[in-house]
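Have a look at these structures, which come just after this line.
You will see two complexes here that share chain A, one where it goes with chain B and one where it goes with chain C.
For the complex of A and B:
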C-alpha cells in the first residue's frame, strides 16, 4: 500500500467530496469506497462552508485539502495557508489552473508554489501533467509525491497518454505516483494501477454516477484488481498466438 | 386547536394555509414576505420530473401534486411544461438527463420551434417535460400571506418553519448557497422555464412575464447570505448568453443570493422537539415540496399519523 510522506495509507483510492447529490450520498460512497483519504475544497471564493467541512471531517478519512480554483502561485499559497488553519493538516493538494476550458495545470506557477510551500513544511501533492521535466522540477522543489493527470478534470476520458504515464513511472520508480483527474470508469483506474501507479484520485466519476455508492464500490474493486495484477507481474503481450496446449504431434503445418 | 407558525417563508405560509383550509386557525409570527426570506429568491419551478434527474425519488413523488395545490389556493400557475436543452458539444449530457428522468419526450428542432419560436434554430434537440409548471414565487408568497393572520405571541401548538434560522434547534441543518439574477429582455419571449445543461454550470431561465426572467442558480456548500460574487454572476449571465444571444441586451434588474436550508440527504424533515413541531429542510425544492410537507404536518396534527418525512420523536 502507498506510503505518502511517511504515512502508510490503507487504500490506493483517494476520493473527492464535491458534486454529490447530497452529503448523505457522499457518506455512503465513502463507506463503499474504503478510501482512506478525502480531498476537500476550501472554496475560498465564498467562505461559510463550515457545516459542509464538518460533514467531510465526519467521514473518518484523512483530509487532503486542495487549492481548486486558484490561478496563480500567490493565490494557491494563500489558500494552502487557510486550509492548514481550517483543517489542521499540512497536507495540501496543490492545484494551479492555467486554462479555463481544459483546467490544465499552469506548471510554471505550480513549481513556484510548490517550492514556497515545501519550504514552509507543507506536504505538497501537486496536480501536474505527465511531463518528465515538470515532474523533475516538482521533485527539486521538495515534492515527495506526484499527481499527474490522466485526462482533463471532470472529463472522464481515462488515461489520455498511456505511453507518457508509463515513461513517468519508469523514470521515477521510487516516487509515489497518483493518477489525479480524468478517471471515468473502473477500467481506467485499473489500467493506472496495472501500470504500477501507487494510487488514483477521483471525484466526478463517483459523484456524477447515477448511483455514486455503487460506483465507489466498483472503483475500489478496480483499484484492488489493478494493484494485484501489477504485483502478479503480468505476462508479456505478443503479436502471435502462443498456444497454451502443446501442438507437437498435431497437423499444424 | 389553534396554531402559531413561526416563519413566514414558503414552508410556514403553506403549513398555515393548509391548516386553515382544514378548519384549524393558524397565525404567522413573522414579517410579511420580502428579501429576508430564502423563498423570495426562489425560481418557482414546479418540476418534479426534472428534479428527479438528481434528487431522491421522494422529491418527484411528492412534487407531482404541487401545481394543483397552488392553483387550489388561487395562485396563478403556468402549466406549460419545462424544456431542457444543451449545447451541441454537450449532447451526451442531454441523453443522460433523458435517461435519468421521467415524464419527457425528445423534440427535434422543429418541435422546439413550435413550442418556443424564439429558440428556433438555436438547438437541434430539446427534452420537453409537458406536465411541469412554474409560478412567480413572490406573488405566491404574497397571496398566501395576505390571507393569514399575524401574531406576536406564541399560543396554541407551535410549528417552527424558520428555515436556516432554526439551526439553534436543528443542528444537522446546513446552508446551501444559491445566487440568482433577474433580467428584463422584451426581445425574447419564452412561455416555460428552459434549463441549459452544461458540464459545470446548470442554468435555468424562468419567465416571469413582461419580458422579465429569473436566472438561476448556483449551488455552493456555504451558509453565507451576502451578495453574489462576480464569478457567479459571470457564469449565470454567460450561460444565458449561450441560451440566446439577444439576452446580452437584457437589463439586469436584480442580483440576489441566499442560503437554502438543507438536511444531510437534502430531503425535508418534520421533527418534534419538546412541544414544538419543526418543518424544515426544503433545500432547492421549496415551492415544489412545501405543499406536500404542509399536508403531512396537518395530517400529523389532525390524526396523529407519522408521515414519510417525519423523524423519530426527539422530545
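For the complex of A and C:
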C-alpha cells in the first residue's frame, strides 16, 4: 500500500470528483472504487459550493485539493493557501498549467511554487511530466511524491510514453510515484501499476463512462491486479517462442 | 465605492472584507483573497477594503 507523506493509504486508486452526471452517481462511484483519496478544487462561490462541501465530507475519503487552472506560481501558491483553510489539509495537488491545448504543466513555475509551498509545510503532490531533470528539481524543492502525467488531462489516451515512465520509476525507486491524468481504461491503470507505479489518479475515465460506478469498480480491480502482478515479478519477454509443454518424452509417431 | 467581487462590479459601503461579504450575501464555507493575496477567515473583520479592490470568495468545488 502506498505511503504518502507518512500516511498509509489503503487503496492505490485516487479518484477525482468532477464531471459526474449527478452527486448520487459520484457517491456511488466512490463507494465502488474503494478510493481513499478524493481530489477537489476551489471555485467562485455561485451557490453550489456548500452542497458539494457536504457531499465530499460524506465520501469518507481524505481530500486532496488541487490548484487546477492556475498558470503562474503566484496564483498556485495563493490558491494553495485558500485550499488549506477551506479543506483543512496541508495536502495540495500542485497544478501549474503551461499550455492551453495539452494542459501540460509549466514545469518552471511548478518547481518555483513547489519550493515555496514545501517550505511553508505543505505536502506537495506535483502534477508533472516524466522528465527526469524536472522530477529531480521537484524532489530538491521538497516534494516527497511525484505525479507524472500518463497523457494529457481528460484525453483517455493512457500511457503516452511508457519508456519514459519506466525510466522515471527506475531513477527514483524509493519515491512514491502516482500516474496522474490521461487514464481512459482499466488496462491503462493496470499497465501503470505493473510498471511499479505506486498509485493512479484518475477522474474522467470514471465520470464520463456510461456507467461511472461500474467503471470505478473496474478501475479498482485493474489497480489491484496491476499491483499484484508487479509484486509477483513478471516473466521476461522474449522475441521467439519458448515451448511451455515439455519436449522431453514426446512420442515419435 | 465600487469593488469587484468574484469578477463582478458591485457597490458597497462596507469598511471591512467581512462586512463586504455579508452585504453581498456571500456566506458559508469559503476562502477569500483580496487583490490576489489570501486573507485568512480570522482576519476578514480587520481587513479594510478600498475603492477598486478585487475580492475573490471561493467555495469547495468538484475537481480532478
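Rule of thumb we're sticking to: the second predicted complex is superposed on the first by the 242 of 253 C-alpha atoms of A that agree within 3 Å, B and C clash if a C-alpha of one lies under 4 Å from a C-alpha of the other, contacts with A are read in each partner's own complex, and residues count from 1 in each chain.
Basically, a contact is a pair of C-beta atoms (placed from the backbone, for glycine too) under 8 Å apart; a residue touches a chain by one contact, two chains touch by 3 or more.
Only a predicted model underlies this, so the values are computations on that prediction, with no experimental measurement involved.
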>> Once chain A of both complexes is superposed, is A:85 in touch with chain B (first), chain C (second), both, or neither?
In response: second
>> On the A-aligned overlay, A:101 touches which partner chain: chain B = first, chain C = second, or both, or neither?
In response: neither
>> Quick one: is A:239 in contact with chain B, with chain C, with both, or with neither? Answer first, second, both or neither.
In response: neither
>> Between chain C and chain B, which one touches more residues of chain A when both complexes sit on the common chain A?
In response: C
>> Touch test for A:49: chain B only (first), chain C only (second), both, or neither?
In response: both
>> Contacts for A:174 in the overlay, against chain B (first) and chain C (second): which applies, first, second, both or neither?
In response: neither
>> Need the overlap of the two footprints on chain A, from chain B and from chain C, as residue ranges.
In response: 43, 45-46, 48-50, 52, 154
> Which bits of chain B are touching chain A when the two form their complex?
Replying inline: 54-56, 100, 174-175, 177, 199-200, 220-224, 229, 231, 259, 262, 264-267
> If you look only at chain A, which of its residues touch chain B in the complex?
Replying inline: 21-25, 27, 43, 45-52, 55, 154, 210
>> Which residues of chain A touch chain C once you look at their complex with the stated criterion?
In response: 16-20, 26, 39-46, 48-50, 52-53, 56, 65-66, 68, 74-75, 78, 81-83, 85-87, 153-154, 203-204
> In the complex of these two chains, what residues of chain C are touching chain A?
Replying inline: 6-7, 26, 28-33, 36-38, 40-41, 56-64
